[in-house]
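Okay, got some structures for you below.
After this come two complexes, each holding chain A, first together with chain B and then together with chain C.
Here is the complex of A and B:
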């Protein structure tokens, strides 16, 4: 997995790609929580995620919870079919705000 | 793992080895004829079971993990052997999905995806041998 963070429209956009598993999810978690701890509303771009397991999903849940505590906007963007399938298995597709693209959220 | 033909790999129980284990599951399930979506689910379920061994079995300590795959007319079976403390299915604690918290999803995925989940006796009485079975497509409604 590789992850990058960019700023756009006052939001932090965390872009993750490749495979998010037990080996790489600590890095994903660090990126997501880091943005929120800096007080930034955060969107996580999962368009290029080929695989995500429960440890990766746990990182997203942690981000969602921290955002809620801090009253910051948080959502997932362009979720790939592979990632969406796993979110559906966890019944989280109805919990996370999902957007087709960054533009879809920021307008 | 005797009787049926088994393809077996043994790796150190480390997170960086999961990719190779997933590749084996993907290859074998695809060759068996499962549809791509089902293959992805099987990869996820076996990955979660192997992850459990690394995280909760060995708890970061060094150890070996063996993954075996066997196919038959009935379906595909994965066996995961470890030498960590013995556990039973009663030790599996899936979380209520309405209870939003980071952990506990792996067991839910395994139970949702696999048709049969069982711990088998180990040859030497130590460690664990987990069997995960998925029936051949179409067999579910016939049985």
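Here is the complex of A and C:
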């Protein structure tokens, strides 16, 4: 997995790609929580995620929970079919705000 | 004083002025037709030089056959070449006054030079070269260093470091301090001062051994190199490697054994006092080779001691690591045992023998994040659940223990699966860390009627296989436990009617089959259909066998409820 963070329209956009598993999820977690701890509304771009396991999903859940606690906007963007399938099976597609693209959210 | 850095671009005008008297003698000797009488006249012209030469010639160190009483006699005794050499030594010695370089102990420099000179003279017989030629070469080979310190006087304070370094270290140190080295500067000076060609080459090439005219000068340069290392045996801070290098060079260049080399080194230590007297140079108290070897051996013993200590410490550290690893393994095994105890044991059937309910769990790691459970209620029904904690390892196992305990505890009082999951969810949301969540199917089964009530919190769809109709998926209708506090779970109800219900975790459907594909839900369905007719325990074994060669990257859990199990196995008992 590799991850980058960019700023756009007052949002932090965390872009993750590759496989988010037990080994790489701590890095994903660090990026996501880092943005929220700075008080930035955050979108996580999952367009290039080939695989995500439960530890990766837990990183997203933790981001979601922290954002709610801090009343910051949080959402997932352009979720890849592989990631979407995992979220749908767990009904988490009803929990996370999902957007087709960053533009879709920022308008 | 010249600015630092100009040493690298040395100009003749930067060099100290040559000693004219000595240069006169050198020039005169260069003419092969000069008479001894004429040479004596030139020497006599300088009373100081004459006195110096007579003292040297008559010294115990040089030990010439007869005592010279006049310059003319000295010329006859020495011959032109030896006279020239000794005149040069005196001239170079005096070229820079003792206080020419403030902060530099000039006597210390000359003592080192003298040690090289004595070493070179000791080697002369082995090398079949003239003793005085060798002495002169040894005395003057590093004169370039003195010139560098003279030009860049700010560096005089570095003398101690230079003096304690071995020849290679000193060479590198010069390069970093002066951006040039003594052989380059010495070579330039030898040209400017019109020193004899072989001496010029020794000064310029005793490190590189390159651009040397004759075989004899080549030997002289090698000899100078050896003399440098021999002298360093007595001055270098770390003596052992220097002795080793010295032995190696003497063997390579002159075929000497270590013992022969040590004899020569001994000779150097013993000869330096007399050489100092002969040359009018003051030398301090000298250490003998025995002292040097003792010091080197001491160092060896110290090194060996620290090596032994290091080995001992390493062994201790490894033993400690093994001890901790063994302890950790024991702890893990204990944790695994506790974890196993949280799941039903096949042997006792949890009071559900013959109810057609059976589960298996294999952990991808030592500890599992999956679990399943079932146990009878007072009214003959059975509570069951399957769950998968996000992540793996110890934190997943701890949460698993908590959830399974809560399930057992709550199920005794809460019959409705949705209500039970709601309570569990609130508890987990309140206490869960790091976004950890639990997917779970909790339910109740009545083996007498085949009726099942279940609620699915984000878990993979349960598979219902009726006796005749196609298999049905019962997907989750709510997210996992621990994500959101206010979730509405829904109890689904169905009757197995002779069919079977299968609950499983993602480890099973993500098992990568030898074909490279994941088993998937479709693959699982196919396997279940294939083995539908065998009793539950064997069915579970066959399913595990089918994925045995697969690459399992997660915990693998399967729970099955077969309503046929009642008629198959429940001949004498209906549970509790």
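We take it that the second predicted complex is superposed on the first by the 107 of 107 C-alpha atoms of A that agree within 3 Å, B and C clash if a C-alpha of one lies under 4 Å from a C-alpha of the other, contacts with A are read in each partner's own complex, and residues count from 1 in each chain.
One rule holds for everything that comes next: a residue touches a chain if its C-beta (ideal position, glycine included) is under 8 Å from a C-beta of that chain, and two chains touch if they have at least 3 such contacts.
None of these values were measured; they are calculated from a predicted model.
After superposition on chain A, the partners chain B and chain C are seen to clash. Of the two partner chains placed by the overlay, chain B and chain C both lie in contact with A:95. Applying the stated contact rule after C-alpha superposition, one finds that A:23 touches chain B and leaves chain C untouched.
Of the two partner chains, chain B is the only one that A:82 touches; chain C does not reach it. Looking at the shared chain after the overlay, A:6 reaches neither chain B nor chain C.
Once the two complexes are overlaid on the shared chain, A:65 sits against chain B and chain C alike. Across the superposed pair, chain B and chain C both touch chain A at residues 22, 53-55, 57-59, 61-62, 64-65, 89-91, 95. Put simply, chain A touches chain C in their complex at residues 22, 25, 29, 53-55, 57-65, 89-92, 94-95. Those residues of chain A that touch chain B in the shared complex are 19, 21-23, 51, 53-55, 57-59, 61-62, 64-65, 82, 85-86, 89-91, 95.
Those residues of chain B lying in contact with chain A across their complex are 15-16, 18-19, 22, 37, 40-41, 43-44, 47-48, 51, 54-55, 97, 100-103, 105-106, 108-109, 112-113. Listed in rising order, the residues of chain C touching chain A in the complex are 369, 388-392, 434-437, 439, 458-461, 475-480, 482-484, 506, 554.
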